[in-house]
């Protein structure tokens, strides 16, 4: 029992954080808002150079061969940076799905992802829109709940759905399923889709942690500088307590997300429960953080030019990505109230069978 | 349109407030806690001298002949005083019910109530226990939802159910219904019971306002005196904002309760809706007030000897009296979502038919 | 207690309803924080004014209808019920107008009020400065009195910010430091300032919705004629406080606004009831109750005012209540809309989303503007509850 | 990251489970805030100590089991799972014990720790004074060093309050002002004080549940031998801070406690699911998630501590989280119990109410004791977030 990351993992986190701090400034995020796609192939290539898209790609395909425990700290960093590139859809969801599908499809696409030469988006029956479909080369789509199809983006009908967050690019996608596009069906397809959902939710939760942390940092910085009544507004108890409340939520969400990463990586039978718990608490921290840090900023936080709203909108978007709260609450309910999951002290780290 | 009380009503409120401040000190409340019944016939007599039990008793029976609009301010005062005597059960609920039943029963009991010589308790199918049954002379009880029976207390089986609040005296009551005890049935009984429920809920709501107001006053007083870090704790923003939040809830609950009193007194077709709204917001203010004022007191508020808990427990009890929140929420839902009640601007003071 | 309207009041309501039914634009106007929308809204104000409904609570002599506060509440109920446009000149009508009536000279009243009534002149607020937000007494923009060939004037230098309607407005009002050696609340004077004077630079500020709802106004040796001083020199704080009281209070947040939102929220819930949980339902009902509570409290206050009472620090209770209610209602609406909740109205899948998203972004500013809710809680605890400073 | 227990840890768990199954009293004990309950709890501690399970995380040399923090968490899980009694001597075991180990002389360790382990001596806390609650540095009770025929001693005068276990305890520990001219954190000394000394008057204070969970302790010329000073004279604050850190932190609020409550809450919900709304259900699930989050964060912290890390101001996050969670869980339980929620356990209709009401009253104190949550939020914002004072 050791609930710590190892030194390599922590070092990689620091490296990625430093890299993103340098590359993904708020100015970069805003520049991308003004582009047609909101995404940058050049940036994607750069991210590939530090290994992000291919982190879960097996080494034989040119990736880092890592798992979700390795990845979760880095996903938090992408959230902290406000990175809009398709890390969740491609790196966190599509890669493991391609790996599981295997065969020629994996052989063709995984190396391209690792080198930053391909974007793959994933559709799921429980998720209304497909994220990043508009810049994808390949789409992994469900046909009902029992079939997974691999469809070239050029063969699909992609309708962008403009949303509140300029970084959030979602689309309705339709396609003509054929035998040729079908890559999994029945139990196998259901298993792939279930895993994809959990990975998407986990990655979104991890990004929400980072976004929340960043908003706290912005608010602390602003309220420490901004003076009213002759002193920094951050010295007023009302402002302090708003931010302290966010910090409590954040710090008790983080281990839940990290445990969920472990459950995904280790294929725990409680994976779905753990992921839904993580998605709920992390996104709750993010949304609450948005509200409180805005209030601490006052009018300046309400402007387009202040950077706060970059992360406010990310927090709202992540709350909506890969299952909104009622869906995840329903999964927790199922696990806890109907399946007879182990409860009470001593059960946190044991499996149902134990 | 004039949403004010008249001078007589306000004067009566002041009179009653002054009277209760003198008579119902916290010491008196605590002395009654230590008695067998928790009630004092002598005190009840004194209350009759200023007309409280008989406020709604017609003048022909020796009462004040007033209505719920007159009464609501005084009920708030009894809540502020922490008065435990059966004002709600007897004066606010039983009296109008007896008035509606009329005949010999009214003729016999209303004068006794007005002179403080009788206590009457009321049972209702939607209320689990009968308040003040243990000191009642007469019980007005339901048999199912379709019959009202008048039963002498000596003929009923009364089992006290000790509760958290020493001022709250509730009992399970069983009796043998006979033709002789039946005083109303069918539609008439249902109408009596519906009115009784609304009156009980209204009176509890009004008392909750008073309890909340008193708790705020206690907390302001204590935090203005108690010093830590060299200044009154009430000068810290965290403490201030706790109490400001309670004040907001209280001040926006009060007009809802007053309007409900008007609807009861005038027999508005929206009576049930208005009463449930009042019960919800007033008791929410009371319960929230209890929590926040306790926190502002700190450890001293957590002691038996500090008076705060007299009203904390009242606030909790009133929240439970005459329908807990889910029941009232259900009634609001019915009125609003199913009955097509008027909604939106311009409908607040109009009836459904208007 | 009499909770019925008089026949005269019902007649007034019927008149308003009839006129509005005949004149409210069938298509919603564009936001008045766009150039096109500002033009549309000025036109609408012109129509309103033509019907005598622009300045309902103003005295007839200044272009108003001479209605009392109760009639004004009734008018507002009908206005929202009719789905009529927002008021582009609310800073003028509800904030500055009453202040001019109280403090203005006869000449000022004649000069400003009729054009305000017609929205020929749209007013921007100039309360805040970069270092005077919650701490409004920290105003540093100076207005130094002097005389030149053209007469007495103020020479204004400094910067105002969060000037709502600054982007498309004509005039700005606010406090300026006329005594440069003064501190805090003293030495301030209330001045009216045309935004087209030489030395004025308006930089629109985009809000969360991307529209320039407010502006920074840079003032560089702006020569303002002395006749635009409102009230006594050095008495700006007193003049402003009466305005601020109005702002936080009744005029700008009529119950009708929140009742209208609550009604639409309940309707939205009904349409989507099968897809949302009881938790959402209970919260929707609570909001509806909240809007009713706000209405009842307003009528109670107005009853008191009509009988000679005054509004004091209670307006701080009001500010907190409506701003939290409004935000909660919009949060719930987005929750009910589910996956459609963050779609822009133009999105192909955005059917039925209404303007809830925009409303939400606007509602987020509620706890901030017109004095943050933290400041209001200070006021409540100190001035209403009497807690120590 | 390794989230499995080692075979040794599993064996430790099995041992604890087996022993507890054989020894935990079948009937719940009376509250240790009653005379009879205090006696029962002392007996239970005697049994625990006999089995070597009283002081699990203490070194063997002081009567403990020498377990590390992870094993301690495992023991706690089993302890709560077994429904074993509360710990009457928690002030000793978890607060004072570790402090004596850190600051005590060899003689003091030998004198105090074994009797503490056996709960032959039950300890009361003497932190607060009437004017030193949240502001603990304002301690005014003096302890003046002197010498008489019987040797060096402190002459103690003043008053302590909120002394938990004061009513039925034997000893009290706390800070006293040994330098009467000193101010705030300086000039304080940590002293251990027998409650049966001449000049000590214990006045039990009844809590909300009517039981004397704490006491006022009046100290009137109490002569305390100098050997009961813990740590250096004048260094009381430093000694106390290590104790306070322990209190807020891990030892007293093991995750097992809240997981046990959460489990019982979910079970209560299941039994009453038909009678309560989805709102309650969602809140129950959130609480269960909260208890898991608390557990996970604790294991994360312990992993860090075992690898040489330190607990700092994070214990303030912890304090807020568990106290709010605990209160919410008990509020929900009373809500689920419906009309039975406020019945005393002895009421005829109180079937199935368990001890939720008592638990609720106790939970209300959570946000207050061990440093109010307001103080904790100050600490979080200033020491963790680095906001200005």
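Just so it is clear, A, B, C and D label the chains in written order, and each chain counts residues from 1 on its own.
The rule we apply is simple: contacts are C-beta pairs under 8 Å (C-beta built on N, C-alpha and C of every residue); 3 or more make two chains touch, one makes a residue touch a chain.
Computed from a prediction, not measured in an experiment: that's the story for all the values here.
**Student:** I want to compare two interfaces, B-C and A-C. Which one has more contacting C-beta pairs?
**Tutor:** The comparison resolves to B-C.
**Student:** Distance from the CA centroid of chain A to that of chain D, rounded to the nearest Å?
**Tutor:** 40
**Student:** How many angstrom between the C-alpha centroids of chain B and chain A?
**Tutor:** Each chain's C-alpha centroid was found; their separation is 52 Å.
**Student:** Could you pull out the residues of chain D that touch at least 2 other chains?
**Tutor:** Residues 277, 282, 374, 377.
**Student:** For chain A, write out the residues touching at least two other chains, lowest number first.
**Tutor:** 236-239, 241
**Student:** What kind of graph do the touching chains make: line, ring, star, complete, other?
**Tutor:** complete
**Student:** Which of the residues in chain B end up touching chain A in this complex?
**Tutor:** Against chain A, the touching part of chain B is residues 236-238, 241.
**Student:** Over in the complex, which chain C residues touch chain A? Could you list them?
**Tutor:** Residues 128, 131, 133-135, 138, 161-162, 205-208, 210, 214, 276-277, 338-339, 341-344, 346-350, 357, 361, 364-365, 367-369, 372-374, 377.
**Student:** Where on chain D is chain A touching in the complex?
**Tutor:** Touching chain A: residues 1-6, 9, 13, 70, 74, 76-78, 80-81, 255-256, 259-260, 262-263, 266, 269-270, 273, 281-282, 285-286, 288-290, 292-297, 299-300, 302-304, 306-307, 314, 317, 320-321, 374, 376-378, 380-382, 384-389 of chain D.
**Student:** In the complex of these two chains, what residues of chain A are touching chain D?
**Tutor:** Residues in contact with chain D: 1-6, 69, 216, 220, 223-224, 231-232, 234-235, 237, 239-241, 243-245, 247-248, 251-256, 258-259, 262, 277, 280-281, 329, 332-333, 336-337, 343-349.
**Student:** Over in the complex, which chain A residues touch chain C? Could you list them?
**Tutor:** Touching chain C: residues 128-129, 159, 161-165, 168, 172, 227-230, 233, 236, 238-239, 291, 294-295, 298-299, 301-305, 309, 316-317, 320, 324, 326 of chain A.
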